[in-house]
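Each structure below appears as structure tokens.
Across the two complexes that follow, subunit A remains constant while its partner is subunit B and subsequently subunit C.
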Partner chain A sequence: MAAVRSLSKFFSLRSFSTTTKRAYADQMSFTFAAGNQVYYEAKSVKQVDVPSFSGSFGILPAHVPTLAVLKPGVVSVYEDSGNVNKIFVSSGTVTINDDSSVQILAEEAHPVANIDVGTARDILSKAQSELSSATNDQARAEAEIAIEVGEALVKAAE
Partner chain B sequence: MFGRFGNLAPVLAQNGQQQQQRGMATLKHISMRLKSVKNIQKITQSMKMVSAAKYARAERELRAVRPIGDGTKQFYEKAEVTPIADVPAKLVIAITSDRGLCGAVHTSVARHIRNELAIDDQNTKVVCVGDKSRLILQRLYGKNIIMACNEIGRLPPTFIDASKLADAILKSDYKFNSGEIVFNRFKSVVSYNTQTLPVFSLASVTAAPKLSIYDSLDDEVVQSYLEFSLASLLFYSMKEGACSEQSSRMTAMDNASKNAGEMIDKLTLTFNRTRQAVITRELIEIISGASAL
Partner chain C sequence: MTAWRQAGLNYINYSNIAAKLLRQALKPDLRADAIKRADTHIKITKWENGKPIKESTY
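Coming up: the complex of A and B.
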């Protein structure tokens, strides 16, 4: 995928002088909405790094269209001004369309700065004790998901 | 409640004419009715205040949720997903609530579904969210309802509610090919319109003509993607529905208070007129009695 990206970058660089009409491809229309808050709405940003079940990946403008399911972790948004905004997500989806619009829809998302390390550790240890006391398959699966979120929370907060 | 108000008015007008012959008994009746209308007005006024507060909250929350709904729709539009024509199984999700007294929000959702069922009720199944749609639809199309949930509308809907519902729909053994969510889209305090959002099955998404341009997809990713997007679409439509319901209840209760005010004016007038008539009649009786002596 990286090869494709660098190739497309190469092409866009080369054709920049001849076709300025393709300017839309250098712009990313980025939407990041969660159940609790909207972070970006059709904003232009430089780069977005997302954690997904098929591995973490970075999204630049004109990324190849794809779908992915988010796993608990930190989404890093590199804004045009140079700021890096780190936001923790629990779960959700990423959609990259062929018109270079990117949608991240999360169940819940909070800025990493708002996460308290101590509380995150408490959540992790509580989830671990729930796993050991789980009796049926469903409870075990739920506890495993809680541990995954807890581990990601602790990692993000540290 | 409005129907009852409407019916009362002609009855009262008749009473107003009759009481001039009958006197005391109807005077009491009028004062009793006056009191009850005043109580009703108090109730509708406080209901209006409550729903105004709830509406303000629902509207604030809706504004934050709209990007989720729009974002989820984008993929289906851009990938040009269409239902597969030769599999007719269809699922309709009605977004209403348990509570009435809010104008026609629930009936317009139910009417939309009824019109669809009237065309084809063999291959369409309904999921009722909220008691109101179930009550309206079960008389004619009870066998089409595969699931109904209640306890909707007391508290603002949350993402957890939506994901529970999505989970229940996906776990039900009904294999739908295409589906739609019928809900009221909030426009302004005085207006909403009944709209639908499409829901697709895995088969129709994988058959979409433009899906091939999307990179590195396997069925598992698409399946989890669809599950999550069903939950977010439901969450979005529940928020829209809740907001339209509260705004509609606010206007309905405002009208009810106004109508009650009109009735109170009319009743007070009849009450005073009747009281005067009774006094006059008693005076005439006393005077004519005295003059007969």
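Coming up: the complex of A and C.
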């Protein structure tokens, strides 16, 4: 009887120890750098919202590992202090690692408050006229990108 | 597939356009510096027999 008990104890201990828990940290180590400025360097934050080609999504400390390509738009960083920092990114990549570290690398990134609404509207209307006057596929594609960026800029600045 | 990819552009082109427009959309006091920073120049000089032949700036 004692042998059976110790055996069952052995199995229950064994099954307990082999239960694998994903090694998610309850904190996220966030790095955000652009060509013009480094905004965060391995800082702990609550949540980060990013605009990407696979849709806009929020990143929490327990997020699954992912790679995504950024779209022009606003990255919202929910800092531990409760402050929300909104930064406009032109483009770049976001990497979410297994250890809950997150890196955003952008070509150009500026606080939303630094965008001029009037200029953003001018950029959008100029892009729209470029699209109507485009004569080849490449010029048309470039104008379409400019419209997309212009719309994102206006939306962010308003 | 996106329209720009079909037209032969890639994400680097896309990124360059987006970054350029973002720099242009900044408030006037920040704009000048941002645009200046984006400019990169490469100067190439071809040499033959110890003499500079042709100089070009990109």
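The rule is simple: the second predicted complex is superposed on the first by the 134 of 158 C-alpha atoms of A that agree within 3 Å, B and C clash if a C-alpha of one lies under 4 Å from a C-alpha of the other, contacts with A are read in each partner's own complex, and residues count from 1 in each chain.
Going forward, a residue touches a chain if its C-beta (ideal position, glycine included) is under 8 Å from a C-beta of that chain, and two chains touch if they have at least 3 such contacts.
The structure displayed is predicted, hence computed values, not measured ones.
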{"item": "Partner chain in contact with A:Ile87 - subunit B first, subunit C second, else both or neither", "value": "neither"}
{"item": "Touching partner for A:Gln37 - first (subunit B), second (subunit C), both, neither", "value": "first"}
{"item": "Partner chain in contact with A:Glu107 - subunit B first, subunit C second, else both or neither", "value": "both"}
{"item": "First (subunit B), second (subunit C), both or neither touched by A:Val77", "value": "neither"}
{"item": "Partner chain(s) touched by A:Val50 [first = subunit B, second = subunit C, both, neither]", "value": "neither"}
{"item": "Subunit B versus subunit C as contact partner of A:Thr95, first or second or both or neither", "value": "first"}
{"item": "Which superposed partner A:Leu67 touches (first subunit B, second subunit C, both, neither)", "value": "first"}
{"item": "Partner chain(s) touched by A:Gln138 [first = subunit B, second = subunit C, both, neither]", "value": "second"}
{"item": "Footprint overlap on subunit A, comparing subunit B with subunit C", "value": "35-36, 69, 91-92, 107-108"}
{"item": "Complex contact set, residues of subunit A against subunit C", "value": "35-36, 69, 72, 88, 90-92, 107-108, 110, 114-116, 119-120, 123, 137-138, 140-142, 144-146, 149-150, 153, 157"}
{"item": "For the subunit C and subunit A complex, residues of the former touching the latter", "value": "3-4, 6-9, 11, 13-19, 21-28, 30-31, 34, 37"}
{"item": "Touch list for subunit A against partner subunit B, complex", "value": "1, 31, 33-38, 41, 53-54, 64-69, 91-93, 95, 97-99, 101, 103, 105, 107-108"}
{"item": "Contact set on subunit B toward subunit A in their complex", "value": "64-65, 67-68, 70-72, 74-75, 78-79, 158-159, 163, 210, 213-217, 221-222, 224-225, 228-229, 232, 235"}
